[in-house]
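Got some structures for you, see below.
Here come two complexes built around chain A, the first alongside chain B, the second alongside chain C.
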Partner chain A sequence: MRLLDVQDLHVEFAARGLDNRVRVARALNGVSFTVDAGEIVGLVGETGAGKSLTALAAMGLLRAPARIPQGGIRFEGGDILAMSDRQLEKIRGRRMAMVVQSPLTSLDPLKRVGDQLVRMQRVHGTASGAAARERAEAMLAAVRIPDPKRRMQAWPHELSGGMAQRVLIAMALINEPALVIADEPTTGLDVTVQAQVLDTLRDLVLARNLGALVITHDLGVVAHYCQRVAVMFAGRIVEDGPVAEVFARPAHPYTQALIASTPGRIARIGYTVTGGTPPDLYALPDGCLYRDRCPRATTACLAPPPRVALDDSHGAACHYAERAA
Partner chain B sequence: MSTTTLDRVIGTARRSPTFAVGFGVIMVFAFLAAFADVIAPLPPTLSHPYDTLRPPGTGAFILGTDGNGMDVLSRVIHGARYAFGIALPAGAIMAVVGIPLGLIAGWRGGWVDEVLLRVLDVLRAFPTIILALAIVAATGQGFLNVILVVGFLDSPIFARIVRAEVLALRNATFVRAAVAAGNPEWRVLLVHILPNAILGATAQLPLRMAWAVRISATLAFIGIGVQAPAPEWGAMIRQGAEYVISGEWWVALFPGLALIALVLGLNLTGDGLSDLLDPKRRATGK
Partner chain C sequence: MPTIGRFLLRRLLVAVPVLLGILFLTFMLVRIGDQDPVAMLAGPMADAPMLARIRAELMLDQPLLTQFWAYLGRLVQGDLGMSWQGNAKVTHEIATLLPATLELVTLAVGIGALVGVPLGLHAAERPNGWFDQASRFGSLFGFSLPTYWLGLMAIFIFFYLLGWAPAPMGRVSMMVTPPPVVTGSVLIDSILAGNVEAAWSAASQLVLPVGCFAIVATAPIVKHTRAIAIEVMGSDYIRYARACGFPRRVIRRIALRAALVPVITFVGSEFTSLLAAASLIEFVFSWGGLGHWGLNAILLGDFAAVQGYVLTLAIASVIIFALVDLTVMLLEPRARS
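After this line comes the complex of A and B, so read on.
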């Protein structure tokens, strides 16, 4: 049994435009991936590719006008899409926890840090009273916050961005969930602080044998912290596989373009800029969604590309995947 | 290091002198109201037929007597009871009615919000003094009616303040994080949204209580609501107004000063509270 198993997930929004016509935006178009215990999976892609949407769907947090016309999400064997709000509340923050973006606004400004950590345990009945405070302190120490006893009394606005992000990680992990979803956990942090926060997260996830889904648009983060990676484009996963494999032999032209446009360590000789924009989600063409930007597109690309397996764990959704790799 | 109550009082005064002064004034009046029977030199409605309109300082009448020969000082002191007697319950009604309405309207949105807002708009569209006058006149001139009218008329303000806050908070990241952490809806609403949403309303409460004191005095002044010879400040000012032209200024002046002082005190308290309640301005203990 997989920890998190997302199969062929579709998500669409019905939106009424200025001309008063209802149009449907197809935001996710068949997303499939899995996360197992003890591994960190990276979900990368450009803005609007559907990364955060995938995370929200996995948490069962999608609300109208979002619809899931097709697909399945199973977590620890349970069907997330079939669960009631009551059942989901029991899972969220308990078995499956989320580390959200923008750490500084994600803490209740009127509650002290320690109280928020304690509350997290009380909500799920994992601990209360002195035991909860003790665990909260231990958790703050585990995310390497100096002087945790004193920080328990701190107000959220007294924390720096990196510190607040650590507190959020502590909150996510305090109930010992099986899966952590980190949605761009280091946006807005300095590069050095970024590395510290991610190191902390990785160490805790691997030490406790949790599964983690890290959403990012930073390939460097993926290369450094993840075991497997899934590359998203226009609501589809275009390539997935072990990080080393995907970075060494990217098979999908989009992945290749992404890697080529990364400055620094990965492409040492400088970088290129990929042209074009993501397709209009209101009017998705049939066939390959990348074909307008693809250097190797042919008439074959008018048909939807299958996932071509390059080996048992690496695959790409491209008609020419094998030739390219 | 433990902080004593005294330390805390001094700390509060330092952080907001405005609040300290305002609250001090309120406390003085609260003291007068609580112990009016002991402090007032004479019963407030005891008439001295041979000593009408005596100027301040005549014999035992420190602030003089009014047209009925009643001691002005005693009446001013007892008047504090009427002021608090209206301000406190009216303030409670404003908060108890307005805050939940604003919370529901902001959180639920949609038609619930729409209907509530339009009803509140209609209430606010009338000039309050005219509406209060009409309702009190129609329902009878009891003390209780004044309280109810003043309280309900002002609850839309609280509903609006709280609703606006809830709208902003509904999409705040920490609220969404709370949902993602598995908090049930009622918990998110009561534990995370409510405390953050009522900061503004709390600071507004003393201001609206000041308004309640003023409006009830106004109603009494124009002869509606509390009636003379009850020692109510508005009623006393009305009585005294007749004598100002003939030179007996003290009958109206002293209740007027008391009214000004209490309203000022409440207003200062409200201003100071908004500073004190913001945790970002809260000094953190060393």
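After this line comes the complex of A and C, so read on.
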């Protein structure tokens, strides 16, 4: 049984425009990936590709006007899409926890750090009272916050960004969940702090044999911290596989373009990426969504590309995947 | 706590120039108008030497700045001058009349907050739902009604047509013996004195003016509470609380706690503005409070009374805002550092 198993997930938004016509934005168009215990999976792609939306859907946090017309999400064997709010509340923060991207504004501004960690345990019934305080302090120490006893008394506004992000990681892990979803956990942090925070997250996840989904637009983060990667474009996974494999032999032209646009490469060989914008989600074309930007597009790309398996774990959604790889 | 002492001291230091400025403006404004209190005080029979004598007595023949300086000199000794309309000390008039106005405004704002805050919160639960639409319409209605018109209509319907309310003549019926003054609120004083008849009369006199004023007070409280609650519900920490799997009641508590500070701030500012707006309602109901007196003073050119009235309102605002900020400091950790 997979820890998290997302199959053919579609998400759309219906919005009434000023002309009173309902228009549908197809934000996710068949997303499939899995996360197992003990592995860190990176979900990478440009802004608007649907990374965060995928995370929200996995947590059962989507609400109107978002709709899921098709697809399935199974977590620890349970069907997330069929669960009631009450059932989801028991899973969120308990079995699957989220580390969000704006730590300073996400913590309750009117509660001390220690009290928030205690509340997290009390609400989910994992611990209470002195035991919860003790665990909270131990957790702050585990995410390498110096002087955790004193930090228990701190207000969120007294924390630095990196410190607050560590508190969020402590919040996520304190109930010993099976899966951690980190949505751009290091946006807005200094590069050195980023590395420290991600090191902490990785060490804790691997030490406890958890599964983790790390959402990022930073290929460097993926290369460093993830075992497997799924590359998203316009609400689809265009390529997925072991990180070493995907980086060594990227098969989808979009993955190739992404790798070509990492700062190190640009410094060596300059910009090679052609321009273009993601397709309009309100009027998605049939066939391959990347074809307008793709250097190797042909008439074959007017048909939707299948996932071409390059070996048993690496695949790409491109008609020409095999030839390119 | 030394922080609170320092805070109050700083507030006081800031308040002095503000009050001086307000006093100066009021002082000059009443004098550059074309009201001539001398003619009114002297009566129709006065001749020119008598007018000149009164004018000199009142220092009105002196340059404006000299007059202001002399006024300040008396002010620091606690003397606000004489009110000509009642031939009484302004300080004495304010002390007797302020409780009547405070009673009215406190009840109106109290009811406004008790009704308006829950309505606003409920409306915010489903933005653009039917309840939200209805409450928005209602508060727009409350906003748009002129206070005095509301009072006149209430008198017309409940006193004149239906006969349910007592005559709009003051704070207690003329047929009952008023209780000895303790707090200045006739209702509370009657209860303290055990005078049931006077208490009943005072309560029934309060119903219409407080009711009208409460409508005026409720409308903006509903509107702002709704806006505050919607903002809180869309905040990062509420979204995060959902992602943490907190059940609805926990999220609701976090949101309420977060909305408390801005709501208190708004109700406080509402109180100060209604303190000034009370004059119209008091006038319509012959309430005989500070607002009524101040409005008369403006109409009659009772300079010292107008100055005393405006100064009282300004001091009340300073005190209320200091209290509000003190409450915020206690409730909001970010305000303490």
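By our rule, the second predicted complex is superposed on the first by the 315 of 325 C-alpha atoms of A that agree within 3 Å, B and C clash if a C-alpha of one lies under 4 Å from a C-alpha of the other, contacts with A are read in each partner's own complex, and residues count from 1 in each chain.
Please note the rule applied: contacts are C-beta pairs under 8 Å (C-beta built on N, C-alpha and C of every residue); 3 or more make two chains touch, one makes a residue touch a chain.
As the structure is a computational prediction, the values presented were derived from the model and not from experiment.
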| task | Assess the superposed three-chain arrangement around chain A: do chain B and chain C clash, or do they fit? | result | clash
| task | Could you tell me if A:T105 is touching chain B, chain C, both of them or neither one (first, second, both, neither)? | result | both
| said: Looking at A:A223, would you say it contacts chain B, chain C, both, or neither? Reply first, second, both or neither. | reply: neither
| said: For A:V123, using the defined touch cut-off, is the partner it touches chain B, chain C, both, or neither? Pick first, second, both or neither. | reply: both
| message | Of the candidate stretches 22-30, 58-66, 112-120 or 292-300, which in chain C collides with chain B after aligning the structures? | response | 112-120
| Overlap of the chain B and chain C footprints on chain A, residue-wise? | 59, 61, 86, 88-94, 97-98, 100, 102, 105-110, 119-120, 123-124, 155, 157-158, 171
| said: List the residues on chain C that touch chain A in their complex, please. | reply: 235-237, 239-247, 250, 254, 257-258, 331-334, 337
| Complex contact set, residues of chain A against chain C | 59, 61, 86, 88-94, 97-98, 100, 102, 105-110, 119-120, 123-124, 155, 157-158, 171
| request: Could you pull out which chain B residues touch chain A in their complex? | output: 172-174, 176-185, 187, 191-192, 195-196, 199, 279-280, 282, 284
| said: Help me check something: in the complex, which residues belonging to chain A touch chain B? | reply: 59, 61, 85-86, 88-94, 97-98, 100-102, 105-110, 119-120, 123-124, 153-155, 157-158, 168, 171
